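Next up, some structures in structure tokens.
Two complexes come next, and they have one chain in common, subunit A, joined by subunit B in the first and subunit C in the second.
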Partner chain A sequence: MTDGWNIVVCVKQVPDADDVSIDPETGRLNRSDAEAVMNAPDYNAVEAALELRDEVGGTVTALSMGPPNADAVLRVAVGMGADDGVLLSDPAFGGSDTWPTSLALARAAEELDADVVFGGEETTDSSTGQVPPGIAAHNGWAQLTYVEELESRPEEDKLVAKRDVEGGYERVAAELPVVVAMGFGENDPRPAGLHRKIYAETDFEPETWTAEDLGIEDEVGLAVSPTQVGGMDTADPVPREQEVVDETDELAEQIAEVL
Partner chain B sequence: MAATSDTSADIEEHEDVWVFVEQHDGEVANVTWELLSKGRDLADERGENLVALVMGENIDETDIPEQCIARGADKVLIADDPVFEPYRSDPYGEQFRHLVETHKPAIALIGGTHTGRDFAGRVAVPTHAGLTADCTELEMEDGRYEMRRPAFGGDALATIICPEHRPQMSTVRPGVFPAAEPDADRDGEIEEVEVVVDEADTMTEVLEREVGDVADITDADVVVAGGMGAEGDFEPLWELADLLDGEVAATRDAVEEGWIEPARQVGQTGKTVRPKLYIAAGISGAIQHLEGMDDSETVIAINTDPNAPIFDNADYGIVGDLHEVIPELIEYFQENEEAIPA
Partner chain C sequence: MSETPNYDSEYDAIVVGAGLAGSTAALTMARDGLDVIMIERGPSPGTKNVFGGVLYTPRIRELTDFDDAPKERYVAKKTYSMLSEEGDETSMSIAPSSWREEPHNNSWMVLRADFDEWFAEQAVEAGAMLVTETTVTDLIKENGEVVGVETDRPDGELRAPMVVLAEGANSLVSEAAGLKDRDDRDNVAVSVKEVRKYDREKLEDRFHIDGDAGLAAHYFGDGACGDAVGGGFLYTNKRTVSIGVVYSIEDAAHDKKTPDEVLEEFKQHPAVAPLVRGGRMVEYSAHAIPEGGPDSMPELVHDGAVIVGDAAGLVLNSGVHLEGTNMAVESGYHAGRAVADALAQGRTDEAALASYETNLRDSYVVENLEHYGWFMDTAAEEKEFLFDDLPRALGRAGDAYFKMDNTPKDEHVSEAKSHILDATGGWLGAAKKAWKFRKMLS
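And now, the complex of A and B:
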């Protein structure tokens, strides 16, 4: 592996969490005016991918499945330093839950001959954390989730991760190819360089692949998604007194009452 | 590509409610008991068995199977082999796929811990299961299994169904459901299953594992939680919690700063707590934090910023520096010991 590793990083476009609201009249979600941004945990995934490339050499390709305008998140990744980007976009993907989503990303990662696939801890819009393990499972590859630190062993074709586990941590060595889900906030994502950013926003054009390009046109979309949304209820906010007191003693008396 | 066993054709053949028993070194994670309790209700409503699935090494030298039965299981399936200790997604996933194909469960409940989520995401693919993460309500509705989970930052509750695929899998974060008391008189069956994984086929190796005692904040009646406003000093919070016989908790940001252990994180990606009293000190009240403490009976907020969203989600609040307010609270309770129930 003298040319370094083929590193793929999965980034998703999500509505800006601060902008999504529920219309109090209709009970419907107001997502329309929410700005589309890159999923916050995916910045950590991109940073980890770039750090690994700096260490072992090779290329970083950003990969996203989404509507045509999701090319914006690929531009964010390229601005940060990714070498290239591929968009999986096709009406056939519509309504896909995590099973077909991870299938499409898995097939694309295979197509890109990936040695390491990075993802974020979870998305802020669907927050399942299932997609990276799903990619690994579809391809029969190793997976490392909730990763805090990475150590590459190119001479053995292995990647070692320090993972956060309940009550502590573990260090796990995985054979390539491997899917890594970085823990949210575990590194400091670099800002986009000025020239890189201009390139990403002007000259850079991602390739777009369809379901047919990946040979999975019958295996994606709503029809093959095992889970379906059966209904959506607005969650009633818990009623609170919302009383602000001036003196600590008053607060203490309220606490004493509860005790 | 890994073998995919699409089970949509034979939904009727699938029955029983399974609970994945999360254990490390013979120590069972509390969330397992919470799931067995919820699973018991579901199994009763469905008229099916509740099955506990244990994978590990030398399980027969532990009392885990008996504990599972005392906690509600009708049957315990044990896959016992060195390849299963400690947990790794690839051997666990392969064994689970085999068990699903041979035993055909209808529902599988898995803890929403890092281990549980790592496992669930892996096994849902080859079994083509419908997997819903972070469920907060699990219900049988007219014979249909309904999984509910917060969506859009907790503003909505989505009902997820899985009409055509089995098993229907759900992960549940620790603290969402209460655990039932064990009943040593319950009867159950214990079955060792065939192990289908070989160490030679694994792709991963655990080089090192450092795990200490895992604090449990989910049962406390009083939780004193701190955020970035604690500015690295949780000492007053520990002191107050100690005095009120409570536990200390924190926001994710405070955990990331290394001020406190991750097991004490409250929120969407941490624990769910519902104490009688939740004191939020130096916490802004981000939606991901509120999700883990919204069911607390009474919420107290201490924050220097009068516009912090936490005040809208608190019963009583004070605008002030926690490093002044908390010592004053400590002083008050030291002087008024009778205010603290024995």
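And now, the complex of A and C:
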């Protein structure tokens, strides 16, 4: 491929976790005071997408699903260096769980003729980590999750990932198209350049696509979402015993005893 | 990457800092049809700002729909208390009925994180652009003229005909660019403040306030902030109380106690402790305050740049009056108008911008600074009397005057008098001190 890869990076607007509190009586999250920001792990996804574009050429398109004001996260991505942005926004998407959400993103990635789709490890407001694998499943594409490092092989149309697995890592090569979920904190997201940031927040206008544009108006929304929230419980903190020991040997003995 | 336009010369003016002075300047210029960009280092306006708690609003009311602004409580009552180290309190309170009527003497407790964000939004709605999380690190100068700013971002230079410096008390950019000398240590105060959250009903009961009414309490004497020129304050918000101390950095540098220890002692004074008992600390902050008065104001106008707000040293502390926000707004307003007038003539030179300084000098801002400029110096000269001897003498005099024992009241009165006269240095000393401080209330 001479003109590089079509890289898509999925980003999500979430309430700033620092401002979210738990109502001690109802156990529900109180998000009303929280500022809407880009999901923190998505910064690593955008950075990985931009690094890949630096290596193989092509374009990076930021993709998000959300209400019209979610365009703010596309502007963050474009500020960092994404070429363009597409917002999937339609009242029909309302109440979608991870199944229809990943379907919508998968269809949009197809529409964008994606070679690689990036996502963050998980979102800070729902923490399922299901959406990147869901995109891969809906499209029948390869998936690389919990990725620490990437190595591109454009001549073979392959992407090789170093993946975090229990007890160590593994290296996996996937054929394009592939969905990559970057591990949180695995790279150093770049700051937006000043002029790029001004452009992203003023003159840049993302495209907006509806469910109908993607031909999935009957396959999204609350009604077709298979998961339901049954209830909420708050777990009480467990009191922990504390003890100060004077000698390291004594500490070692106690640890050995517990083990 | 898709093409990035270059925004040099796309804006008529760059405003450094989106606090009260910066947003007022931006709002004024944007309303005048200028293209304005505000550059703010915090994640949103107000997050980096610290003040005691009262916003004075006459000009803000003219410029905005102030009824929509996020406010806490209006000042329904002010108290001034002398606290001695030994635990005495002598106080006076003022609660004119007119303060309970609109517009509440234009004095509102606000939380800056809420108010400044809303206020900057008013500038954005008027057409100004706001860039956050971006720190201006230096000015670009050509042939002595300011032609733009450098920021901490990659590709971080931005040029524009005018720069408004509203960077606050710690004015590193103006200093680095040689537009302003570094403040002398004795012209700067340090403030430490915490915000404590309470149940609203409990807070209203504790301070005897209701509705939107609130209390602004000021404390002096070495029971308030130790062995230093300064004082303590307490302001009631809707569900929180702001409590803090402000005192000279010169004293802080020599004091063995750290500012947080000074605040902690103030909170433990018997006059204060019951007011802040319980609750939960939700915010803790510290900041510098320029209190140098009119003599330490820098040159406000330069070729291509103007300085406003705290960066221009526009804070008034007369002991009785503690003002800064109103002066920040006033300076931003006059600067914004002057910039618009100069640009309308196609000019950015110092002479074309001079109306800013003239109008500020004609306004109450500089007049008040000059009128009360003597206070900080006199307070420093009379530190021991004002902050140590007087609070103790008042406490003892009060004790003596109202004493219940088996002696006639005549003796109580003369004992009370002797406590005061000891502190002032006799009748002659009292007269001298009264003369010295006569301007405090004039």
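Descriptive notes on the structure:
The rule we apply is simple: the second predicted complex is superposed on the first by the 224 of 259 C-alpha atoms of A that agree within 3 Å, B and C clash if a C-alpha of one lies under 4 Å from a C-alpha of the other, contacts with A are read in each partner's own complex, and residues count from 1 in each chain.
In this text, a contact is a pair of C-beta atoms (placed from the backbone, for glycine too) under 8 Å apart; a residue touches a chain by one contact, two chains touch by 3 or more.
Everything numeric in this text was worked out from a predicted model, so none of it was measured.
By the touch criterion stated above, A:Ala173 is placed in contact with subunit B alone, subunit C being left untouched. Of the two partner chains placed by the overlay, only subunit C lies in contact with A:Asp84; subunit B stays clear of it. By the touch criterion defined above, A:Ser127 reaches subunit B but does not reach subunit C.
Of the two partner chains placed around the shared chain by superposition, subunit B is the only one that A:Gln242 touches, whereas subunit C remains out of contact. Once the two complexes are overlaid on the shared chain, A:Ala36 sits clear of subunit B and of subunit C alike.
By the document's definition of touching, neither partner reaches A:Val56: not subunit B, not subunit C.
Of the two partner chains, subunit C is the only one that A:Thr202 touches; subunit B does not reach it.
Once the two structures are superposed, subunit B and subunit C can be ranked by residues of subunit A touched, with B on top.
Of the residues of subunit A, not a single one touches subunit B in one of the two structures and subunit C in the other. Interface residues of subunit A facing subunit C in the complex, by the touch rule stated above, are 35, 53, 59-60, 81-84, 190-199, 201-203.
Those residues of subunit C whose C-beta lies close enough to touch subunit A in the complex are 1-2, 4-7, 37, 43-44, 129, 131, 134, 151, 153-158. Interface residues of subunit B, counted against subunit A in their complex, comprise 1-2, 24, 29, 86, 88-90, 93, 113-115, 117-118, 120-126, 128-134, 146, 150-165, 203-214, 222, 244, 252-253, 256, 261-263, 268-269, 276-277, 279, 287, 294-295, 297-300, 302, 306, 311-320, 325, 328-329, 332-333, 336, 339-341. Note for the complex: subunit A touches subunit B at residues 17, 20-22, 29, 97-99, 102, 121-122, 124-125, 127-134, 136-146, 160, 163-175, 178, 184-185, 226-235, 237-238, 240-252, 254-256, 258-259.
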